[in-house]
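Below is one structure, written out as structure tokens; comments come after it.
Chain lettering (A, B, C and D) follows the sequence in which the chains are written, and residue indices restart at 1 in each chain.
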Amino acid sequence: MTHRNRQLQVGALARVEGEGALHVVIADGRVEDTELRIYEPPRFFEALLQGRAYSEAVDITSRICGICPVAYQSSAWNAMEDLTGSDVGERIAALRRLLYCGEWISSHTLHIYLLHAPDFLGYPDAVSLAKDHRDRVECGLALKKAGNAILEQVGGRAIHPVNPKVGGFHRAPTNAELAPLAEQLRRAADHALDTVRWVAGFEFPDLELDHELLAAYDADRYAIERGDLVTSTRVSFPVRDFLDHVVERQVPHSTALHAQLDGRRYLTGPLARYTLNSDRLSPRARQVAAEAGLGPTCRNPFRSILVRAVEVVYAVDEALRIIESYERPDPPAVDVAPRAGVGHGVSEAPRGLLYHRYEIDAAGLIRAATIIPPTSQNQAAIENDLRRVVQANLTLDDPALTALCERTIRNYDPCISCSAHFLDLTTERR
Amino acid sequence: MNVVLDRAGLDELVDVLLADGYRVVGPTVRDGAIVLAELDSPAQLPAGWGVDVEPGRYRLRRRDDAAVFAHSAGPQSWKQFLHPARQRLFTDDGPVEEAPVRYAFLGVRGCDLAAIATLGTVLRGSAYDERRAGLLVIAVGCTEPGGVCFCASMGTGPAPGPGYDLALTERLDDRDHRFLVETGSDAGASLIERVVHRVATPDEVDDADTAVRAAAGRMGRQMPSGDLRALLRESRESPHWEEVAQRCLTCGNCTMVCPTCFCTTTEDVTDLTGEHAERSQRWASCFELDFSYLHGGSVRTSGASRYRQWMTHKLSTWYDQFGTSGCVGCGRCIAWCPVGIDITAEAAALAAEGPRDA
Amino acid sequence: MRADPMLPTPYRVAERVVETHDSATLRLEPVGTALSGARPGQFCMLYARGIGEVAISISDAQPGGSLVHTIRDVGAVSRALHDAGAGTTLGARGPFGTNWGLESAAGHDLVIVAGGVGLAPLRPVVLGALARRGDYGRVVLIAGARGPDEFLYRDQLAQWATGDDIEVERTIDRPTSGWDGPVGFVTEPLARLSVRPDRTIAFVCGPEPMMRYSANVLIDKGVPAGDIRVSLERNMQCGVALCGHCQLGPLLVCRDGPVVDYATAGPLLTVREV
Amino acid sequence: MTSLAVWKFASCDGCQLTLLDCEDELLTLAEQVTIAHFLEASSRVLPGPYDVSLVEGSITTPDDAERIRDVRAQSKTLITIGACATAGGIQALRNFGDVEQFRSVVYASPSYIDTLATSTPIAAHVPVDFELRGCPIDKGQLLEVISALLVGRKPDVPDTSVCTECKRRGLTCVAVADGTPCLGPVTHAGCGALCPSVRRGCYGCFGPMAGANLPALTGQLRRSGVDEDVIGRMLATFNVTAFGAVDDASK
């Protein structure tokens, strides 16, 4: 076999959320093409939102992704409240942030333990990993469970929470109802710190990416459930200008749309958030990040698992802080009276920025909806990373190279359910 | 001898019960209704709250006084404590032993007191016996019947029948806020001795009696007179069931809120390993399609037959099975039916169809 | 402490006899204390650990504490019971309900009509009558099954058929090669039977329509409804009149049945969906 | 050992995620069954046939219509999990619209996208042995079905109204006490009455219960002042086809 012309085939990419394929063409020892091919069937959410009530977007868009439903819900209510200029007040906002922390903990931990760590340790899945490292996996599951406990207590359900709505919540939990969560989270904090230390011991291939970065920004805290936008070139803009900067286009090989930031390839997600906002992390998160060898920025996508682990520490800290200072909002929601116009909302889904835009008519019905999920924003970056990884590792044999490609993709925890969905790898070496 | 407690005396009574280790269950406001819940303090009583109740509609209302018992039946009944919605019966290790609980029920109305006795007859020989044995009952005479109440026509109220330890009648006027007390047991009598009270004046006793008696005339609903047991028995093939079935959701709410509906389904389950097996039971409803399931299909598939089963059981076949009416007239099934189906109106409709050849 | 009415008593399968392709008879021996006093017509709640519990009739009167039950596999629980091999531990509660009251039929002719697995609860009636043959007049058994291989207790039936103590009529639903006996539902031989209406007690068990038709045939012959005893079936969860599932109008079948005279049962079975 | 496969069609992944959300049971489960095909969780794929297949998602492409036949052929027991698989999901709203127009709303050049005009439940394509309802399914019910299957028990998954669960929890009915529109009386139980527990009306995640009396409920909604359009939208969500079928049958 020559290393100059090769053809690689991978049936289905595993341990990603959704379904897709990867196609790599190598000719004359050069990577000619890398395509992340998304074949998740489209579900036409933007179309089926037309004619629905403004209040329904929260429940409907949640169903785009079972992994990060709170992200969809948050971006939706942010957009609706942007349209009406509603202010839900600090108490409701805090409860929402608590809910979102639950999703970060649960979703990040899912990715770290069940989807990504097996790559670093050479196992096909977490169940096999547990055969040799049961304590480890149990620690991960306990951490994940703590995240889900927040989602269940505050949101009413871990997947597609029922309690949140535009304006706030249907019912706000009492202090007594939140108390057991704090107990569980204090134990989870130890698990979260352990996770960082454990992951820090993994071996990370070298790769330094040069994409533009985009993340939400909040002057007072590490942005999660809302924020303005900031880029690595220190351009900042309000959410309502999002579409002036980000343009989506369709590519032939994918049912997901690809996005560009001011005409350039860019990245959102943990690396972008960390690099742009790490100074806003909690002291404990910053400290453990430093211990784990992370500087104030991180541009190696293989280290994203580490950044996620640090974000979990932060989310646990935040959740505890919020519960400790919780004051039950009464009423649990503010009235949001719809009016005709356009509203924009973003939030930081575990995998990156999630943008919603709605055009509402005078009756409060949605006339048009645009949703830009993180994976379509990141797709160009992922393809670019792949190209560089393959180019740098042409000496590897096909199985090893294929595995490395899959790993590269998993760095992004690409949520194909969101973008449309994922993976099946074909590599052609010509 | 009749005595009187004031509001502070009532609070003291609750505190004494709590201090004695009773789990005091009484009315309190939660999530838009007056529910029955364990009270940590007499301050949780629904002072100043009333309710407006109609078929399929219940609303909390602020009163212009501070009465604590001036409301009619809410979404739950006492059966949730004596006959819980879910009970574990046994595991591989044998029967599930229940730590004995001493409940003190505060604010039991005549209808509900009758229901506790009715359930006692049905569930004799089950764990209900023990739960009931340790029970202390503080009943209340009803002076403020609700829009769907009809205990007077079922003979269970408004004055509570036997079976209580203490019975209170709440009176509020320009002078004071007082509770006329009747004792029904030695336990009740010795409780009263431990709280501040005074002797009731004859006027006060009269006033309380009159108020309770007057309540009988202010019931929002009334069962048609006549032999309901025979009426239902003879109405098995009435076309009226089909008519009710058009409206009935077969949702089962009426049975779940009914203070005497006792039916349960057993669940035998194992865990994933199959190494642990256990049995529990949960409230069932004759409106559930599977309730009458026999191999090959359910006996009662139509909504009409299920509604007929329910109403006939309450008003007629209960006599055959347990010697009394299964309906005590609390009105819960009417209030909490989402479409407001009214058992008294359906009984009247059947009666109006006139005599049939049995 | 009150004995828990829902707690099964352990029994071990001592013997399992295959009856038909989907039915088997189990002889159960108590592991510890035995349930006592089982009478023909009554039933036990048999428990397959972790799978569930169902009502199964007493199908043989046994001295001592052992129980004999014939089970037809129709669903998850009955399958687990049916499949239980010798040595398996099962649970049993009971015996529950009314019985056939065979003694009270002394001095009468007995007409026993069984459809399918309905023969199981009736076998002890036959055995009881044979044991005290002199107490009864004519004894007739009409047993129906879907096919020749679907009869329970085939050897016993054949043996009874050869003697003079009992008249046995077997009928199958549809003609089958190798079967030269009567074909048709049990109501056909029953209709041909000449009975002394005032001196006959009938015992009927089988699918509900079969019991209705049989009772009607007997009533047409002048047998009073009160002298026709049927065994009823309703969904049963507890067996002890606590769960409410087995209601049939005024009856709690587990307590007031399963054996009920047709004067009581008739009006309930002829109205739809009671 | 029983082999378990998990398959995905058009869906949000939430139902299969429910399996991974069984934090306390996941490792035990992995000891009781061989997880033979579960792409979201494992890159190890064992060949069929499979004893039990859990199928998530609806059929929306010609390829998927083929693939589900293949899955059926390889599976002894096929269990559909969730509203997408049992009723077509929220994406079945397209069945009532113009899919060409849908495509053009989402994609500038719709010709790239190969999609059917309908989103259909699995049972419309192949026989299904058991259906687990919900958007998403309930974790407890999922474990119950798997545990029951492993020992040969009938799963305890009652097909009654959400109201029965609501009442067993001792909740106050939001329809009666708050005047909130609630689909509980016609909706299949299973969630444990989540919405009423947060004082919200049930929005029908589990689809219609057996014998749901839809006209009686819509009548009640109308009488309490809910607009016809709103009623239409209440029923047109994750189980739009299933509620639609009940509605049609009642006409």
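Please note the rule applied: a residue touches a chain if its C-beta (ideal position, glycine included) is under 8 Å from a C-beta of that chain, and two chains touch if they have at least 3 such contacts.
Values in this document were obtained by computation on a predicted structure and should not be read as measured data.
A.B. asks: What chains do chain A and chain D have as common neighbours?
C.D. replies: Both-contact set = empty.
A.B. asks: For the chain pairs C-D and B-C, which is connected through the larger number of C-beta pairs in contact?
C.D. replies: Answer to which pair has more contacts is B-C.
A.B. asks: Can you work out the whole-Å distance between the CA centroids of chain A and chain B?
C.D. replies: 51
A.B. asks: From the C-alpha centre of chain B to that of chain C, how far is it in Å?
C.D. replies: So the centroids are 41 Å from each other.
A.B. asks: Using CA atom averages as chain centres, what separation in Å is found between chain A and chain C?
C.D. replies: Comparing mean C-alpha positions, chain C is 65 Å from chain A.
A.B. asks: Taking each chain's centre as its mean C-alpha position, how far apart are chain C and chain D in Å?
C.D. replies: Taking the average C-alpha coordinate of chain C and of chain D, the gap between them is 43 Å.
A.B. asks: For chain D, write out the residues touching at least two other chains, lowest number first.
C.D. replies: 151, 153, 199
A.B. asks: Give me the residue numbers in chain A that touch at least two other chains, ranges are fine.
C.D. replies: Within chain A, the residues that touch at least two other chains are 171.
A.B. asks: Any chance you could list the residues of chain C touching two or more other chains?
C.D. replies: 50-52, 75 - these are the residues of chain C that touch more than one other chain.
A.B. asks: Chain pairs in touch?
C.D. replies: Every pair of chains in contact is listed here: A-D, B-C, B-D, C-D.
A.B. asks: Quick check on the complex: what are the chain D residues that touch chain A?
C.D. replies: 8-15, 17-18, 20-21, 23-24, 26-27, 30, 35, 38-45, 60-61, 64, 89-91, 93-94, 97, 99, 101-103, 105-109, 112-113, 115, 119, 135-136, 191, 194-195, 197-200, 203, 205, 230, 233, 237-238
A.B. asks: Once bound in the complex, which stretches of chain C touch chain B?
C.D. replies: 2, 4-7, 47, 49-53, 74-75, 78, 233-235, 237-238, 240-245, 247, 249-252, 256, 271-274
A.B. asks: Considering only the defined contacts, which chain D positions touch chain C in the complex?
C.D. replies: Going through chain D, the ones touching chain C are 151-154.
A.B. asks: Can you check the complex and tell me which residues of chain B touch chain D?
C.D. replies: Going by the criterion above, the answer is residues 30-33, 35, 56-60, 74-76, 80, 85-86, 245-253, 256-257, 265, 267-274, 282-283, 285, 287-290, 301, 303, 335-339.
A.B. asks: Sort out for me which residues of chain A touch chain D in the complex.
C.D. replies: For chain A paired with chain D, touching residues are 11-19, 40-48, 50, 52-53, 56, 59-60, 63-67, 69, 110, 114-115, 118, 124-128, 130, 134, 137-138, 141-142, 144-145, 148, 156-160, 162-163, 165, 169-171, 249-250, 252, 255, 257, 368, 406, 417, 421.
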